[in-house]
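Dropping the structures in below, format is structure tokens.
What follows is chain A paired twice: with chain B in the first complex and chain C in the second.
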Partner chain A sequence: MSLTLENLSRTVDGVDYVRDANLTFEAGSFNVLLGRTLAGKTSMMRLMAGLDKPSQGRLLYNGEDVTGQNVQRRNISMIYQQFINYPTLTVYENIASPLRLAKMAESEIDRRVKETASMLQIEPLLKRYPLELSGGQQQRTAMARALVKDATLVLFDEPLVNLDYKLREELRAELRDLFRERQCIAVYATTEANEALALGGTTTLLHEGGVVQTGPVMEVYRAPVNTLAAQLFSEPPMNMVRGRVTDTEVTFDEYSHHALTQELEKLTPGDYWFGIRPSHIALVPTNDDDLEMSMEVALSEISGSETFMHVENSHFEMVMQLMGVHQYHTGAPVKVYLPINKLFVFDKDEQLVHTPSRVAGGAV
Partner chain B sequence: MAEIQLKALAHSYSDTPTGPDDYAIRQLDHVWHKGGAYALLGPSGCGKSTMLNIISGLIQPSEGEVLFDGKRVNELSPRDRNIAQVFQFPVIYDSMTVYENLAFPLKNNKVPASRIKVRVQEIAEVLEIEDKLHKKARNLTADEKQKVSMGRGLVREDVSAILFDEPLTVIDPQLKWKLRRKLKQIHEQFDITMVYVTHDQLEASTFADRIAVMYDGQVVQFGTPTELFEAPNHTFVGYFIGSPGMNIVEVERCSDGVCFGSTVLPLESWQVDILKRMTSGNLKIGIRPEFIEISPIASDDTYEANVQDIEDLGTYKIVTVQLGEQELKVRQNEEFEASIDSPVHLSFPKQWLMLYVDEFLVQEQQ
Partner chain C sequence: MRQTRSKNVGITLFILLLLTPVYWLLNMSFKTNQEILGGLTLWPQTFTFDNYAVIFTDPSWYNGYLNSMLYVSINVVITLSVALPAAYAFSRYKFLGDKHLFFWLLSNRMAPPAVFLLPFFQLYSSIGLFDTHIAVALAHCLFNVPLAVWILEGFMKGVPREYDEMAYIDGYSFPRFFIKVFLPMIRSGIGVTAFFAFMFSWVELLLARTLTSVDAQPIGAIMTRTIGASGIDWGVLAAAGVLTIVPGLLVIWFVRNHVAKGFALGRV
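Right, the complex of A and B next:
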């Protein structure tokens, strides 16, 4: 069982909502569409569901052309940002509704509703009405209804966006476990890189309607094909600096000179973009040849367990992700250290030419 | 700008409350000091929006008093309290220009035209929207609109406090930090009492010097981000702050400490002393995933556990281990490697073992 998008495009009033997408999703796979607002995630899912017709290209299901086929004729579930439940029906009847529509036997309906409800931990709530539930419970109910009918394609359109982050964290983990055993194709749209990492599976990066990169989540994360992919799949975004490599040294922004060591020696002279993840910049050196830069703190953002520190000087702006709570005043001078072995290198056309070597024991 | 005091405040949406469950806010006393940057953090349904509406005057509390600089304001409308509010969705006039939007609150207050011009320019510069002043508000992006919303609150010089209710909800993740930074700068520059309501720990901790964590109609901790992380005052704070939250384990009294299953955890002697004096059987130990140490090698003070799962989140890994019957989460850096189902050795540094009796932290008496 597979779903294939073949040169699929959708253009409305001259605007490309989806641009020449070529993707294949296999049964039993969990696929994340990651992109900013208006990247084309919802448009692509609506095409997959058959809710919209493509301007060009084909949609193949198990190799069979289903382009433009009505959604009712295919076994598809869709879960939206807003929790959509029937307010006048109990949780039980909400979950049962697609099965009643399919005229399933009462005993089978009962078995499936209870099984799905217990999976999503809402079994004690089956007799209640949606409006008596918290947001998280309402969304679980909507998810249960989408999952109960054993759809072959389940589409999630940013389903957790309206929930508290703590609930998001819990539901994300549940979803991941839930789909491990299912044979359907799950497609999940999100704007958050960290959500894509937490969900795992396959990640497809979308930008302005086009596919930037697709592959197993860690492959895409570790080897983003270009600077755009690197930026899209890094939260906070990857730090980028321009640099010129000569036979002997690298100069960042015509300002900061460093000797060529380690992997940088392999670069042929020319102009490059150097990228480093926020988590790889440190306040203390780890190696002798770390690049040292003098910066000022612009803002120290503290999450519960981490600090995102924005630093800048007259040439560079960077963000660092530090473990623990680090309170710094705006304007405080700091020295930051960039390990050479953590640098991504992109050529002047912004295509990836070098990925950081992973440290001992870190085989991919 | 004002000090905001909540005195024996409680609120029930029911006319005839019969017990604590009928209260959205259970009785509390709280002070927001003049010029402070505060956050009110909690999950949906914890009472934080009710509290915000009581401060602004949209709701009259059923019990207790709201005092601005010592003066009772219970009966005053939001307008008479001089409170500015910024909501989830931008509240601006689409058909007006940015300039007109910012000038509007001042015109209403009969501020002289010459002063309005200066003030609007000043606020626009702070918000970095001075090049948008003559654009119609409807043509702005979501983050620009929200900046104008904030500007409408900031522009009035007589404002007592600015209340923010999840102001970044509609902003793209990539732009959120810029607005957070802007808010922080604004607070430093204007020295206004600001209260920021959110369910997001990052937004709360970045913005606020002190955070009030609300749970079940109560403020369970009022502290700095460091305090919330290192010494959560209530098991809920431990769970809610941090990703993943604190490991919280039900325990029993044992000699020199506590135990769960066959695992004995020695505690500091002051903790043991306090434990002896307390009678409650509701005892829990909390330790953050960041503070559990994990090693391939056993030593005198380690506990053998089994690796259940390793979740790779790119910048770090979350390792789930099983110690006896108890599952624990351990946060490790991205280089951590271990086989599933293999043994590892854990240690729990004593200074990070928090003891909770009836869900509240047992603290060393000074």
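Right, the complex of A and C next:
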């Protein structure tokens, strides 16, 4: 069982919602669509579900063309960002509704509903109405309804966005477990790079309707094909600095000169983009050959137990993600250190030419 | 404390003032004609049900009520069954000129009913619909359908499109979804709409009177024709007035919860 998108496009009023997507999803796989808002995640899911018709291209289930098929005839489920349940039905009837429409025997419906409800821990709530429940419980009900019918394709459209942080983590972990055993295709849309990492499986990066990169999550994370992929799969986005490599040294924005060491020696002279994740920039050197730069603090925001510090000089600006709470005044001079072994390098066409090699097995 | 009391006094006075004509009507309906014409009495000195008895025994009276109720009911049914699909289309689909059409519907209410009197009269006479219940019901649709579409569209817009899609994904066909899922979700709106359709049709007199003569004559028309040889029968007229208010009260009683909710949610 597999789902294939073949040159799939959807254009509305001249705007590309989905642009020439070619993807294959296998049964039993967990697929994350990662992209910013308006990247085409929802549009792509709606095409997969058959809620919208593609302007071009085909949709294949097991090689069979289902492009124009009615949504009622496809065996799919979808979970929305909003908590969508039948408000006039009890939780039990909500979960039972797809089974009732499939004309299943009453005893089988009862068994399945109870089983699914206990899986999602909403068994005590079966007699209540959705609007009497908390947001998390409402979304659990929606998930139960989606899971109860053994759909071949389960679509999650940012299902956890409207929940608080704690609940989100909890449900996310449960969700991942629920799908480990299932033989369906799960597709999960999110805007958060961290969520994609937590969910694992296959990650597809989307940008402005187009597919940027697709592959196993760690592969995509460790080897983003271009600067765009690198920035999409990094929160906050990866810092990019333009640099020129000569035989002996590397110059960032014709300003900061450094000797070429380690892996960077292999780079042929020319112009490059250097990328570094915000969490890898440090205020203290970790290695002898760290690149030292004098910067000024532009903004320091504290988020939980982390600090996001925006630093800049007259040539470029960067974001640092620091553990712990740091308070710096705007304009304060700081020295920042970029470990050479954490640098991504992209050529002047923004394609990946070098990934940090020392990180194999370690944290990127 | 004193402030609340003075507020209460104020509102009580206000309500009493509003209810004075209604009370006076009720008062008159239990009086004899002699007493009504005789002088000022604040409550019936000789209490009588005769006026009501006249209405309930004389077919020319009670048929008026039956006629009114019949064409009002037909009107409410037609209005809802036409306006529900129309409002759904306006709330869910984009089509050529949808906004203009929506406004045009509303602009139908801007013309006074008298404008349509002549065309309706001529048209119904020539196709043999004159003096039938359906004629009045259809004529009232001219005003009620646009209003109903307008109210229902507001309610339907409040239901996110995702509900429709969820139902399709679960396997509902469109008609089944519409009746089993969608209508229950906007039942307050339907209640409010039915109430408005009832109200406008029940109180409208001009069209109803002109388009009927005998068989479908509304109660309002009969009330204006009570001048007999012995002059105006005040008591019976008052009783008829009281009975005309009653259906409105009943309808309000049944939809009161929905209407309160409906006024808050809908656009009206």
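Everything that follows uses one rule, which is that the second predicted complex is superposed on the first by the 358 of 364 C-alpha atoms of A that agree within 3 Å, B and C clash if a C-alpha of one lies under 4 Å from a C-alpha of the other, contacts with A are read in each partner's own complex, and residues count from 1 in each chain.
The working rule: a contact is a pair of C-beta atoms (placed from the backbone, for glycine too) under 8 Å apart; a residue touches a chain by one contact, two chains touch by 3 or more.
Worth saying up front: this structure is predicted, and the values here are computed from it rather than measured.
By the document's definition of touching, of the two partners only chain C reaches A:L51; chain B does not. In the superposed model, A:S279 lies in contact with chain B only, and not with chain C.
When the two complexes are overlaid on their common chain A, residue A:G14 makes contact with neither chain B nor chain C.
Once the two complexes are laid over each other on the shared chain, residue contacts for A:G331 go to neither chain B nor chain C.
In the superposition on chain A, contact of A:S134 is made with chain B only, not with chain C.
More residues of chain A lie in contact with B than with the other chain of the pair chain B and chain C. Of the two partner chains, chain B is the only one touched by A:Q321; chain C is not. When the two structures are aligned on the shared chain, A:K166 is found in touch with chain B, with no touch to chain C. Once the two complexes are overlaid on the shared chain, A:S303 sits against chain B while remaining clear of chain C. Listing the residues of chain B that touch chain A in their complex gives 43-45, 172-174, 177, 180-181, 184-185, 188, 199-202, 205-206, 225-226, 228-230, 239-245, 288, 290, 311-316, 331, 333-335, 337. Interface residues of chain C facing chain A in the complex, by the touch rule stated above, are 160, 162-163, 165-173, 181, 184-185. Residue ranges of chain A in contact with chain C, taken from their complex: 49, 51, 70-72, 76-78, 80, 82, 84, 86-88, 97-98, 101-102, 145, 149.
Contacts from chain A toward chain B in the complex involve residues 36-37, 134-135, 164-167, 169, 191-194, 197-198, 218, 221, 235-237, 277-279, 298-305, 308, 310, 319, 321, 323-325, 327, 330, 358-362.
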